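Here subunit A shows up in two complexes: once beside subunit B, once beside subunit C.
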Partner chain A sequence: MPIHVSNERSPVVSAAGRFDAYSVSDISNQLSSLLDEGIVDIWVDLSETDFIDSTALADLVRFMKRARAAGGELTLWKPSDAVRVILELTSLDLAFSISSNGAIPGVTDSDRRS
Partner chain B sequence: MGDTDLSVDIVSSLTSALAESNDLLAALYSLTQAAPQPGESIGAFWALRISEIVPARYVELSYKEEIFSYGNASESFLKVEEPGDDFTIVRSSDEIAGGDSIVVAMPRSSANYLAIELDNHCSTSIANLVRSVANYVDAALATADTRELEVTNKQLSRDIEMAATITDSLIPKTTPTLPGWNLTAKLQPARIASGDFYTFSVTDRSVIAAIGDVSGKGIPAAVAATVIVSTFSRLAASSHGEALSELTQALNSATSKFMNQAAVFSTLCLIKGDHDKIEIVNCGHSPVMVKTDTWSVIDAHCPPLGVLDDLHPEPQEFKYEELNALLVASDGLVEQTNRTGEQLGYEAFYDLVINSSSGEAGSMIDSVCGYLQEFAEGRPQDDDRTLVVLEKES
Partner chain C sequence: MGVSEYRKWKRNQIEGDPYLSVVIPTYNEEVRIVPTIGAIANHVSSLGFDWELVVSDDGSTDATLELVRDLELVNMVIIEATHNTGKGGAVRRGVAASQGEFILFADADQSTPIEQIGAFIDKIESEGLDIVIGSRSAGGADVANKSFVRTLLSAGLNKIVRAAFGLRFKDTQCGFKLFRSDVGKKIFSVASIDGFSFDLELLYIAQKAGLGVAELPVQWHDAPDSKVSGGRVALRFLADMPIIILNHLRGRYSLKD
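Let's turn to the complex of A and B:
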């Protein structure tokens, strides 16, 4: 299930399991709240995402545009193989900022909770 | 109509109660009004008017006194007795007006009551009358509510069907004739309307095909598909002499504002055939496959429409003599699941295409769709499916 790790410098929204039309509203609400609060640099942890559909991708595109319009960035963090294949097939990997290595600035492993 | 029908029991109970209260004329009139037909709320109105029963409401509980209000708004009624489980005797707070009344809760709502003034004391027949009218009015209003809901649902269904008809009308029913080639296309929506689309723009110089898949499903995706198809048709009509990348960029520019507002994007595969070659631009669409000597996959050249402001894809070209077949499908075919929830997957789909391409030209779509039906093992279609196949005639 989606989790949200509070971190003032780099908030992380995690989408574990299936990220599709049925679960997208949970993630959207979290991303929307962060952007409404003026937090524009956001990380979406896709490392434990088993499946992603076009509705979820469209939502990520929407929030990527909102973050960029506000001078920030929405970064996809460590997309799982299932997500990476879809990003490559659709060439959306050319549109998103994607980080496949390293730690998120200001976030330690103990910050990430499930 | 189900549970909310005005049942024979309710109508006859109301009629008997009115008759017992010595108002035979009212009983007869009530019977004529109570027949289940459009206008139940009118029947309820007349039942109340004839019986002189009025709607009442519970106001508050004050100093252990329950207060009701009805009739003259300035007058309130205090609970004085509760002789039955479902009715209460109340007395006017206006000592001059005096008078007791009986108050009965409506069956469906604890907030709504009916009340009638008692001439002397509570008689069984008056209590039965109020209880019976409460049942009748409640059922009549429930029936009216259900009818209203049914009407709303029918209107909604009609609107959805109309939207589906409009979007469907933009999908061509025939494919252009290309000498020496067999062009076939099929679109199967998962719901009543589809976010998948294909269309063709034909001039005497060239044919441009557009095949795409709007993110999401149902009416919102279908409306977006309609916008893209109509915009493509307008732009393509004047761009046959231009490069395919320019048409792609023009289509992206013209539709991205709408897609941004609708929070969707659309994959798109544009194929342009002129006198000596075929060009392909793939904006995030998959799978797209071509057969020269062997089958190969055409990777996306750029992200889907509606994602970036600028798209400058480099088209991939094939001479007619080197091309044997071309296939564009939507991901609804690849992501179809079987009874155990397992997806067909890309590798299995590629194998399916290769194995299906050995038959006669024009038979590939039926072959692929037939296998997919077997694979699904009776599971419903998960997503819209589109398949466009161009095969060289032998």
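Let's turn to the complex of A and C:
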């Protein structure tokens, strides 16, 4: 699964393809590094994520809590239909900040490499 | 499109028999089942036909059933078992309860992504087949994260099976198989193996009956923490092979009405 971090002002971590227990450590490392650096407003681009499993969801919850505890927010950006349904079924759509429209502040299309 | 169609499917009971039944056998799948149902529900709902989901539980002792019940999906049927019988038993009960014109059984871990169902339906419909089976060994298959030991065991078993049973299939065990309903129900009514070798028994029955079976290469991801122990399954497989041959010799696999 290709994972990219772009834009220092509003970091975007993109998780394309299958986001599961095999790929979760890559994205966790990226999120952990950002939070360790004191960057607490983070966007996770799930627009091209085909499938997300329980391990990945649990990790996102963990980082959401860390971001909020530090006064920031971890926002899920444009979750794909499959991810949105999974979020609804697990009721995690009520817990996460989800942005389905518009641009990420300070991010241009060229910042969002895929 | 997908989400709105899913929401309609979630709330509105379909009228009449569905075109497709998707059977998911479960046993202690509390960690995996909800994302899998979500992926399946989103994709199949977007295909534009009526369908039902059949969760056939096999005596789970964790929270699988509670989680599934709480989803409150009106077009989902839940089959419960008083005790664990094995994957074959769960699939058999699920198929028996299915109302669809076609029946797919798919593993609870989404190891074969549901997005491939369209190609299976096209194949079975356009070629007038009885069964289309997923294959991780056919040309064009894309297999990710399968361990070396599992790959080796699968290849070895497959060679033994092909030699002993004369089966032409390259992969009997992939948990993604589509049946024409009448054919699937007939096969499962004479099949008797409850464990992981049930796939082999199904295909043996189908080949002996001269049914139209095709293999399609699939994209397949090994599921982390798989409950499948390669060594144990291999031993069970070898033990079940003579049972299948004996059943055939005793005429137990006749599909005549």
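One rule holds for everything that comes next: the second predicted complex is superposed on the first by the 113 of 114 C-alpha atoms of A that agree within 3 Å, B and C clash if a C-alpha of one lies under 4 Å from a C-alpha of the other, contacts with A are read in each partner's own complex, and residues count from 1 in each chain.
Everything below uses one rule, namely that a contact is a pair of C-beta atoms (placed from the backbone, for glycine too) under 8 Å apart; a residue touches a chain by one contact, two chains touch by 3 or more.
A quick note: this is a predicted structure, and the numbers were derived from the prediction, not measured.
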Fit or clash - subunit C, subunit B, common subunit A: clash
First (subunit B), second (subunit C), both or neither touched by A:82: second
Touched partner set for A:90, first subunit B, second subunit C, both or neither: both
Which superposed partner A:18 touches (first subunit B, second subunit C, both, neither): second
Touched partner set for A:60, first subunit B, second subunit C, both or neither: neither
Segment of subunit B intruding into subunit C (one of 20-28, 182-190 or 272-280): 182-190
Footprint overlap on subunit A, comparing subunit B with subunit C: 21, 54-55, 57, 85, 89-90
Subunit B - residues contacting subunit A, complex: 213, 215-217, 260, 263-265, 267, 283-286, 299-304, 306-308, 331, 346
Subunit B-facing residues of subunit A, complex: 21, 54-55, 57-59, 61-62, 65, 85, 89-92, 94-95
Complex interface listing, subunit A residues touching subunit C: 18, 20-22, 50-55, 57, 81-82, 84-86, 88-90
In the complex with subunit A, residue positions of subunit C that touch it: 1-3, 6, 31-32, 34-35, 37-39, 41-43, 46, 71, 110, 113, 115, 144-145, 221-222, 224-225
